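Note that chain A is present in both complexes that follow, paired respectively with chain B and with chain C.
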Partner chain A sequence: MTFLHRHRWLTPYLLLAPGIAFLVVFFVVPLYYLGYTSLQEGTIQVGYTFNWAWDNYSEAFSTYQEQFFRSLLYAGIATLVALLISYPLTYWIAFRGGRWKNLLLLFIIAPFFVTYLIRTLAWQNILSDDGLVVNALQFLGFVADDGRVLATSTAVIAGITYNFLPFMALPLYVSLEQIDKSLIEAAKDLYASSTKAFLRVTLPLSAPGVIAGTLLTFIPAAGDFINAELLGTPNQAMIGNVIQSKFLEITDYGQAAALSVVLMAVILLLIVVYTRLVGTERLAG
Partner chain B sequence: MTTAAEAQPLPRRRVSPLSRAWAFVRRHTLTVFGVLALVYLMLPILVVVVFSFNDPAGRFNYTWEAFTTEHWRNPFGPPFLGDAVMTSIKVAVVATIVSVILGTLVALALVRYHFRGRGTTNLLIFVPLTAPEIVLGASLLTLFLNFGTALGFWTIVLAHIMFCISFVVVTVRARLVGFDRHVEEAAMDLGANEYVTFFRITLPLIAPGILAGALLAFSLSIDDFVITSFNSGTTETFPLYVWSQAQRGVPPEVNVIGTLIFGVAIVLMLANVLFQYRRTPKGAE
Partner chain C sequence: MKHPFERMNDPITRKQLLRRAAAGGITLSVPGLLAACGGGGGIEAEQPAETGATTVEQVLKDEITVSNWPYYIDQNDDATKFPTLEQFEEATGVKVNYLEDINSNEEFFGEIQAPLSRGQSIDRDIIVPTAWLCARLLRLGYLQKLDHSAIPNMANLEDTLKSPSWDPNRDYSLPWQSYITGIGYDPKKVGGELTSVEQLLDPALKGKITMLDSMEDTVGLFLLEMGVDPSGEIDPTAYDEVIAKIQKAVDDGQIRQFTGNDYTGPLSKGDVWASIAWSGDIVILQPDNPNLVFTMPDAGGMTSVDTMVIPTGGDVYTASTFMNFFYDPKIAAQVTAYVNYISPVKGTKEEIMKIAPELVEDPLVFPTPEVLENLYEFNPEAIENVEYQEKWQAVIGV
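Up next is the complex of A and B:
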């Protein structure tokens, strides 16, 4: 006690120590071991040795570039669709919600309360061959009579969109809700049409939400393997499926780790490019 | 158009009927879209609940056959399901307690003190929130592999604490920012020492924040599949059980448990919202 009184500057570090130590040991150090493992060679029988096996990277990339490309494509489309659904929805809640705002917001988070796998299985049910959606689409002629939705790219992208939509909607809602409504009124007083007021005032002010939402949706979507596994076939396999099976089924740890490192690197690179393009200073807002 | 409108005697508004009609339609378009989007968000949840009452003909619970409450009367009927749920609850309880303690201390340090290394600390809290789960899971697995740690209950717990800490820090910090420190100073002036002040004043006041953090940590832990699947060995949590059954057809009891988790989460969520409403002094918002 007296020691602490004399050394007050120590208090924050004592508060931080346990939590930060935990994160260093179980988050930072593992990233080092991920890199270390990615340069190891061997099999489960003879063991794995570190020998700067850079061909883990070249082989992994040349063999699985298709899955890589597909992950980025699916994640990109899903992010875009999630944005197109979330923007009007959160705009509606933020500007027209009135006193129901919090309740309506609860609807957006509600899917999170159903276990991820169970809600994905629910989509398996909804999109199944004899299901309502497929029958309706067949009736309307969008899907051939013997055609299916399940086990196609559409199903996988639909699943990803649904599962990560709240990540898009929540930051969007926060930035739309913070907009000072009098700014929009001011624009209209100055004879801006509703469309123009939206394009010149609301949309730019909601940009931080769009950026945060896009990143928060894209990142987990690109690493996902559950939707491709449950709603697709091996033809829709994403890079997450490859990593998962190499780690847990084939025990090809070197290549699996190399793929994880590449995934992380590609995502970081895309984040940097994206934030440069749209401007980083808005992220802080 | 405009001249015709202005030619009328004493025009009440300078808006043509056409654009008023358009505004009316557009306003309702947004509402219709909003409601449809909410229906879309609720659809899989509805499917989960409805099919928990289904009596499937085969192994797959896809098509509606007959109403039954059998699965609700005995939700832990299928072998291994009860054990998996118990494991999930145990993991979640331990992970929640530890991550809430560690995370709250970190949040206190971040909000209350200025210290060197603040930026790094913030980064260390932020990055696990945005990194793809598969990379978190895979890197932790490489740590355990390289140290020859046996995978099982405790490696799952460690993994869950790791990803929960950041969420707890963010949640508790958000509540701490608006904290009035004068109350603490008043207590100290009245002769309370630091410990008494902390336990009698500070802790009760930040309790809602801690509770929100705990709820979040618990639900993230119960729901997690990706990171768990990498670090579980042969231990089976509820999401892992669902995954293992997915290929063979998930029993309807899984829907029952999914519905129960959903119900409990919604009730707790509503309770927390009400609790906050009651705590907020009138006119504070």
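Up next is the complex of A and C:
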């Protein structure tokens, strides 16, 4: 006690210590090894040596541009679709859910009680070539008679959207739920139409949820490989698939690590641009 | 129309799940791998481990852990028990912890490589990779010598399998089963008979075929089609020609997926009409989809031997005792009658006569000399060729 009294400046650091230790062990150290590995060269047979192999980066970038671009595109579309689905859904739950709110929220999270793999495999059945969904789409003329949904980009994007939807819906719900309803009433008292009240009051106030939701959905979606592997073909391979096979099948650790670093950098860059555009201060609510 | 979740109970889907579950587990170990490669400055090849064959202590452990491929051992009707493993437990008192966690050689190697390279145990006494991977594991010094004195039944090993070039005295390895790679398909959907992998590229089958993601299987069959013997020196131009052909099929959307063991689900459901497949799998799929047939292309089929080896840290005596048990023709016959692959154990045929006589006539389980002549094992050196590997990986999309 006396020691802390004399060194009061230490208190905040001591309180931070567990958090800092966590970050060091689970973020800084792995990140260091990732960077270190990404500059190694070699094969399993001859061993791996660290020799500032910047080739790993140039090669990773030039060879796998297509998969990089595809990952960002799929993740982007999936995020947008998830937002378009989640917004009205959570809006309705937050404003009209009444005493059913918790139950309705549970319905959004319920699929998460089933493992990721099973959920994704279930889509293989749902979208199967002779299945109900595809037959219905063929009847309506959305899919050619000899066409299919499974093993196409549509299936992969649908899978990603479905699997990451709760990451979008939950933060959105929280920020919508927190909106003070009297503000909307006040807007209406001041002769704002419902549309205008929504655009000028509700939407800006829900921005933190939108930002958090899009980040939480986009970041893991861009690195996902399960959906592309189970619901796609080689022509739908994402960067996650490349990293997975580089790491575990070709055991080219150097390039796998370089690809991971590039993916991380690209995502970081996109986030910086995104938050600059919409403003991080909104995250604070 | 079956309810989607009912499907989940199908054995075939379970098989698929196992592969995915393994893939899921792999992601968890990635930081460990990273740490392993970064910290030690790389994995270095070692000389084969020195294990004096004479100093093995002959005491059975209480438990043995075996890693094998899915659906590679006999099961009872509701797939809850492994009868031969239970017989082993009864005979020796050793409990068997049987894992079906090998789904692709490449993936499995990625999983076990990090601890083995540090000389650590992978908590398994026996693993059953394909021969070329066993050869690699031996070269890297990850394997222990068998205790031949505990395996008198080794005398039952088929003569043709007695001395592979990489382990001429079978000091480190014993075959589990051999397989044939060919085409599994539904003749009704395909609209006829398939006799060549070239027919898989017919535009009428666009998007309805899968190929195996293992180079030795898929490229091997296409090389045979071109008249090139994949077990010998492979001409780089012939290899490139095959790669170009498959790449074109990928670009055209002809090939729906490259798969490991998981081609079985879509094939039995009918989403896929024809697959490059392993012989025994198709037999297991037939209860689900009786139309399916397996055929060896006229130009020849690929084959190899999935082989039992003892990794670093495994208990040599207990593992050797296990191997001895499965080299008893009576036991081997029970396994073969269920899995429908090719047994390496002499005398299996006579025992099968007693329990499943119709199998004796099956040329895929007891290959006739004509079939044997038309089977090829991919040149292991070509599998290890980094340039070939990279070209192949580029084709399969990753």
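A few remarks follow.
One rule holds for everything that comes next: the second predicted complex is superposed on the first by the 260 of 285 C-alpha atoms of A that agree within 3 Å, B and C clash if a C-alpha of one lies under 4 Å from a C-alpha of the other, contacts with A are read in each partner's own complex, and residues count from 1 in each chain.
Here is the rule we go by: contacts are C-beta pairs under 8 Å (C-beta built on N, C-alpha and C of every residue); 3 or more make two chains touch, one makes a residue touch a chain.
Bear in mind that the values here come from a model prediction, so they are computed numbers and not experimental data.
Aligning the two structures on chain A places chain B and chain C in a clash.
In the superposed model, A:33 lies in contact with both chain B and chain C. When the shared chain is aligned, chain B and chain C each come close enough to touch A:125.
When the two complexes are overlaid on their common chain A, residue A:11 makes contact with chain B while staying clear of chain C.
In the superposition on chain A, contact is made by A:117 with both chain B and chain C.
When the shared chain is aligned, chain B comes close enough to touch A:22, but chain C does not. Applying the stated contact rule after C-alpha superposition, one finds that A:250 touches chain C and leaves chain B untouched.
By the document's definition of touching, of the two partners only chain B reaches A:93; chain C does not. Of the two partners, chain B and chain C, it is B that touches more residues of chain A.
The superposed model puts chain B in the path of chain C at one of 24-32, 240-248 or 312-320, which is 24-32.
According to the touch criterion, the shared surface of chain A, contacted by chain B in one complex and chain C in the other, consists of residues 30, 33-34, 36-37, 48, 116-118, 121-122, 124-126, 128, 130-131, 226, 229-230, 244, 247-248, 253, 257. Against chain A, the residues of chain C that register as touching in their complex are 1, 4-5, 7-8, 13, 16-17, 20-21, 23-24, 26-27, 30-31, 33-35, 37-39, 41-45, 104, 106-107, 109-111, 113, 139-140, 207, 250-251, 253, 255-258, 265-266, 269-271, 384, 386, 389-390, 393-398. For chain B in complex with chain A, the touching residues are 23, 26-27, 30-31, 33-34, 37-38, 40-45, 47-48, 51, 61-63, 101-103, 105-106, 108-109, 112-113, 115, 121, 124-125, 127-128, 130-136, 138-143, 145-146, 158-159, 161-162, 165-166, 169, 219, 222-223, 225-226, 229-230, 238-239, 242-243, 246, 250, 254-255, 258, 261-262, 265-266, 269-270, 273.
Of all residues in chain A, only 30, 32-34, 36-37, 40, 42-50, 63, 67, 116-118, 121-122, 124-126, 128-132, 148, 150-151, 226, 229-230, 232-235, 237, 241-242, 244-251, 253, 257 touch chain C in the complex they form. Note for the complex: chain A touches chain B at residues 9, 11-13, 15-16, 18-20, 22-24, 26-31, 33-34, 36-37, 48, 85, 88-89, 91-93, 96, 102, 104, 106-119, 121-126, 128, 130-131, 162, 165, 194, 215-216, 219-220, 222-226, 229-230, 240, 243-244, 247-248, 253, 256-257, 260, 263-264, 267.
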